[in-house]
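Heads up, there are several structures right after this.
Paired with chain B in one complex and with chain C in the other, chain A is shared by the two complexes that follow.
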Partner chain A sequence: MVRKRKDRSASEPAAATAVVMVLYITDSGPNSLRAVANLEAICKEHLQDNFRLEIIDVLEYPLRALADGIVVTPSLAKLSPSPAATVVGNLSDRSGVLRALGIAE
Partner chain B sequence: MEKKAIPQPLPKIATGIQGFDELSHGGLPRNRISLLKGGPGSGKTVFALQSLVNAARLREEPGIFVAFEERPQQIIANAAGFKWNLSALLKGGLFFMDANLSPDVVQSGEFDLRGMLAMLKAKKEEIGAKWIVFDGIDVLLTLLQNPKSEMREIYRIRDWLAENEVDAAIFTAKIDGHGAETANYGFLQFMVDCVIEFESRLECGVALHRVQVTKYRGSAFARGEYPVSFGPGGMEIAAPEPAEIQQVASSERVSAGFERLDTMLGGGLFRGSSTLITGVPGTSKTTLAGKFAEAACRRGERTLFVSFDEGADRIVRNLTSVGIQLKPYVKSGVLRMYSGRTESIAAEDHLVKLKALIAEHQPRCMVIDPLSAIAKAGGLAAARSVANRFIYTAKDLKITVVVTAINEGDQPETEATDLQISTIADTWIHLSYLIRGGERNRALTIIKSRGTAHSNQVRELILSDAGPMLADVYTAGGEVLMGTLRWEKEDEERSKTMQRRSEFEQKRASLELAEADTRARITALEHDLERQRVELATSFSDDQARIVSSSDREKSLRRIRSADLTGRAATGTVTSPEKRYASNGSGKKNKTEASNGA
Partner chain C sequence: MDLALPRSNPALSGTNAERGFKKAILRLVKGGPERLAIEAGQIDAIIDPVSGNAILLPEAQRALIERKVGFRSLIGLAFDWYWEQDERYRFVSHRGAADDADGSTEEGIIGKALWDLSIDNMSEADWRTHRQQLEWRVIFRDLEIRRADRAGEVRYLSISGEPIFDDRNQFKGYRGITRDITERKHAEALVGPHRLARTILDALAAPIAILDQDGVVLSANQAWRAFAATHSGIGTGVVAGSDYLAACDNACAAEQADGTAIAAGIRQVIGGERALFRYDYACDSAAGRSWFALSVTRITGNGNASAVLSCEDITERKRGELLLGLEFTVARCLADAGTAAAALQAVIRAICETQGWDCGRYFRLDQSAGVLRFAESWGVPSAVVGQFLEKSRGMVFRPGAGLAGRVCQSGQPLWVLGSTRGAGVSPTALAPETGENGACVFPVTAEDKVIGVLAFSSSDVGEPDDRMLQAVHSIGSQLGRFLLRQQTVDALRRSEARFRVLNDLTSDWYWEQDSDFRFTQVVGCSAFGAADILGMTHWDLPNVVPADGGWSEHKSQLAARWSFCDFEFATVQPGGTHAYYSICGEPVYDEAGAFTGYCGTGVDITKRKRAEIALRESEARLRALAGPSSD
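And now, the complex of A and B:
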């Protein structure tokens, strides 16, 4: 699975204000594909490279997702900076995602 | 023509919930989805969780509980009131998945349940779960926001359940039973194979819980609403009683309290039978019931005395005034007194409490005074059903029961009781007041007593400090006399007896007198006889003497003449005195001889 742990910023040192996120998806489900695309677009536009994103395929790591308290997919968890926030859905409503990530439009 | 396959009975899986498996003819459909619907607090979650708990505890079939609406900690805390030992089950038999979306969660676009089902599959395989509950699926559907997605996700769950061979799946949803259903909830009900409707409504200020199976594909089920109650073991449904009654009838008799009543009942009450005592207030129903309890305790049988709306202490005190001593038995533990309140308590809850008391005390005899009190709150139909089921329960447990019921009128034949238990009670004793001759007297009638010859007489019940008793029967003009009329009759009887006795004495005296007279006369006659005998004896000896002297003279004459000695004797005519007396025939020979010899 290519996307299971994609750490975009792994090669560069993370800035102090780097946004750390985990996106829980299910393989190639339509909502999941859309969520990945939407998030990538948001990150590119608003965060440049100042973020760390881990993508977890729940089909492959179901017990991890369960332990993380995931209910539905896709789910995006922002771990830092605080406050932590969760967004569910295919992230098509961009303003909501930006608010959750603490990014001013 | 194609050969028709023999329809197989729908495979089912028991929930272990008392009453439900009976009314659904075996439980929930196996490998299918059952929908529990109803308003908030109607018992859906309890039903679902209890099914899981039973499967895990009784058959070691683990289950998963997906909580959409409440936090698992909340559900576990709510269930702590039931004796399910959830904490032990949480170590392996039962898994809670918290599927609550926090209110802080931002929703952005559509989502689906693919991830959740993947997680559930992993968990199912890990613990070997066979049951799964989706509690509050309506909450999830609301989040999906559009009818198309709702339908899609429901189908997704259904297909997942089929693929993963879940033994039983339960959805619960807050859907109002009647009308106002959205199209999708209609679809949900169409899709599932079994729909169970829960309802909680207020009746006369008391919450009543009801359950009804409204749909069961491919299976027969009991149609109708059934009362639901919550006891220490969880939910109980008052399922229809099995059509066949399989109670073993005992021929052992136990005392109804005191001897005369037992006599009227043809020897007492049958062990395990139920007795109804009806009467207007003040006719001493409690006293009779108390006497029954005392007799049971005296035999050493564990007894339960349940009173409603009157404290146990007061009852014990009041019964002491009529010579019924319950206190020592309460102290020794043979007798358990329980007094309950009836206001604002549903009849079903009374039944739960009664069953708990029975389980705790294990009585052989039981009194409920008055059973009619359970009809005070929450509607009559419910109370009737409870009264019926209580009596059936007691019969199953072979407990000899005496219940009292107040009937407002004084015509048992037409009024019976509000609870309509007179038909299922084995014995029915009716207490009433009879007003005659300016008095109000308590009267006891045995209206029926199954399987036994019983007195048909109306008897007067008298209370004294020696306990209740039935007065002797005096009838006059076809009616039993009571009170003063009876006393008068008793007095009359007494004086008649005395008169008869004196008459008898008189007669005896006169007879004795006559006898003495006769005896005196006999004595006088005997004296006469004696006298005559003596006379006779005297004249005989004179005669002898004369004969002797004459024979001596003859001898001397012969000697003088020197003639033949025997010449005269051969022609002698002398008769012996013995011969003469023997012809008298009396047994007084000795006496005669004695006098003869004198």
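And now, the complex of A and C:
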């Protein structure tokens, strides 16, 4: 079983503005792959390197998702800055994701 | 990354079972957004709040299964068996697509360590090394073993493995893969010698080709291919698949004789009539004429291959032989020639014929005038060449002017090749009239001095090599010595001629005697026939009467080896009259100083002598008449 985990942070993170996120996925499920791709595109366009992302495969760490209150995958949890927000689905709703991340279009 | 969306909404297109499953899932999910996402087909799994396990939705489940199947398929391409061993290195699992192929089935191998199996290529030392690797828990790769399969056929296997540790880092055994490399090993064993043979064949400098029984080239090395591509004549364009015998049979013009001989030799070798055939022949290329020694040897017991052809480049040796032959020819011409002119013509002709040049000319250095003057020439029968040589008559070169003048001045040979001829060549230079492309001019030397220049003109003048320059130097020296000697001989002849003329003016004949004073040679003597005088001393001759003093005085002079002059004697003629002669002579000595005889000249003084006698008789008569009156 492959453990898939990504951590990214800005080379010079600004603690006040860095966006901290966790993306819960299911191995190589089609929606999970789509969600990863959509989120990568949004981060590249709007956050550059000013974010920290952790990707959790629920097949590998199911209890972690349960502990974090995640019910379905893929789900994106924005932890900071406040307010916290969660987006479910493959993140193809770009506007919804940007709103959740607090990014003005 | 651009991932495709699911092709269809599973909520709409799934089977009844899937739809039922999805309804059950929706009951588990309370949140609105989650339910909407499930309805939209954007969810792969839900987390069971009771067990904490992820429950895959049908679409994701299919994707994962397909991916695993694909992965296994790919893995299957990389190895033939997957195996696991316990902490004592005994096989606990051994699976693969070819389980039945080599007897490595679960039954045959499970519970045994690798060294418990019948493997015949591993020594005790090899096993010790392998077990040490395992004890050190290292990853091992490509351990090659050889064992017989169920059918008794030898199989070669390559094994790689890595250690397994549990969560507490406790060693649990090894797992790894095995690949069947039998075919590869067989291929290596089969191809190896052939590849080596091909590599060696291509590395050889000599062109080599292998013929079948019909004379078709089965294989040719790199040198042969280059040879076939760059030389004209026999073998041009003959590569693998070409009929070499046909090429020989169809050779025409200058190569016809060579082609016929080579084809006959090859057929004899292929037919088993001879084991080896050798033949030397020439080929032309852009670099000039080359000579090759062709060797044909027979092959037996090797499929279609019947003969091996190899060509050795013997150009250097051949050119050396030709130039050596030329030097001998020049020496023979000089030995046979009676005159300098004949020698020059013969030498020029020999050089032209050997080198394939059109014509040559000799310019003699006129020491008194300090210029080169045309002396002799020879050329092939051609109107153009004849015209060129005719124009050369009367040509004069000052030292340093034109090729001949430059060679005379420097004492070094000069070569004009093709387009380079124009540079530095004066209007009086050699060969412009014929339109030839090349010229070769070299000095003729004697006693380290240039006494003349030989100039050759032809389109075939090529770059001289060291051997050619050596030959040119040798020929120039030989010819120079000959011409100098010939000049000396001519001077001596002229001197002798002048002496003879003077001698003829002062004497009537010439004579020689041996150490016993017997005549050995008499030239121009009218007093005696040669048969009457040769072998006899002067005093033994019949009817010879010495003048004053008799023979005793003359003999004492000869015994003392003195020169004598005007020794007079008379011969009694058939009518009783006398003829008078006067001879002069001097002793002759050889190089060691030993006396070898006398030589001298003779003069007929009969008229003078008779006049003296008549005068004396007249005086006597007058004295007789005047005597009584005076008394």
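The rule is short, and it goes like this: the second predicted complex is superposed on the first by the 96 of 105 C-alpha atoms of A that agree within 3 Å, B and C clash if a C-alpha of one lies under 4 Å from a C-alpha of the other, contacts with A are read in each partner's own complex, and residues count from 1 in each chain.
As a convention for this text, a residue touches a chain if its C-beta (ideal position, glycine included) is under 8 Å from a C-beta of that chain, and two chains touch if they have at least 3 such contacts.
Everything numeric in this text was worked out from a predicted model, so none of it was measured.
Participant: If we overlay the two complexes on their shared chain A, which of chain B and chain C does A:A85 touch? Say first, second, both or neither.
Facilitator: Only chain B; A:A85 stays clear of chain C.
Participant: Using the superposition on chain A described above, determine whether A:S28 touches chain B (first), chain C (second), both, or neither.
Facilitator: After superposition on chain A, A:S28 lies in contact with chain C alone.
Participant: Output check: A:A18 vs chain B and chain C. Expected answer is one of first, second, both, neither. What do you get?
Facilitator: In the superposed model, A:A18 contacts neither chain B nor chain C.
Participant: For A:V36, using the defined touch cut-off, is the partner it touches chain B, chain C, both, or neither? Pick first, second, both or neither.
Facilitator: Second partner only.
Participant: Considering only the touch criterion stated at the top, classify A:V58 as touching first (chain B), second (chain C), both, or neither.
Facilitator: Both partners, chain B and chain C.
Participant: Just chain B (first), just chain C (second), both, or neither: which does A:V72 touch?
Facilitator: both
Participant: After lining up the shared chain so the two structures overlap, which partner does A:R99 touch, if you call chain B first and chain C second: first, second, both or neither?
Facilitator: first
Participant: Once the complexes are superposed, what residues of chain A are shared between the chain B interface and the chain C interface?
Facilitator: Touching chain B and chain C on chain A: residues 25-27, 29, 31-32, 34, 58-59, 62-63, 65-66, 70-74, 86-90, 92.
Participant: So in the complex, the part of chain A that touches chain B is made up of which residues?
Facilitator: 24-27, 29, 31-32, 34-35, 38, 58-59, 62-63, 65-66, 69-75, 85-94, 96-97, 99-100
Participant: Across the complex, what residues on chain B touch chain A?
Facilitator: Touch residues, chain B against chain A: 97-102, 104-116, 118-119, 121-123, 126, 143.
Participant: What residues of chain A sit close enough to touch chain C in their complex?
Facilitator: 25-34, 36-37, 40, 58-59, 62-63, 65-66, 70-74, 86-90, 92
Participant: Considering only the defined contacts, which chain C positions touch chain A in the complex?
Facilitator: Listed in rising order, the residues of chain C that touch chain A are 1-3, 5-6, 29-31, 33-34, 36-38, 40-47, 49, 52-54, 56, 59-60, 63-64, 67.
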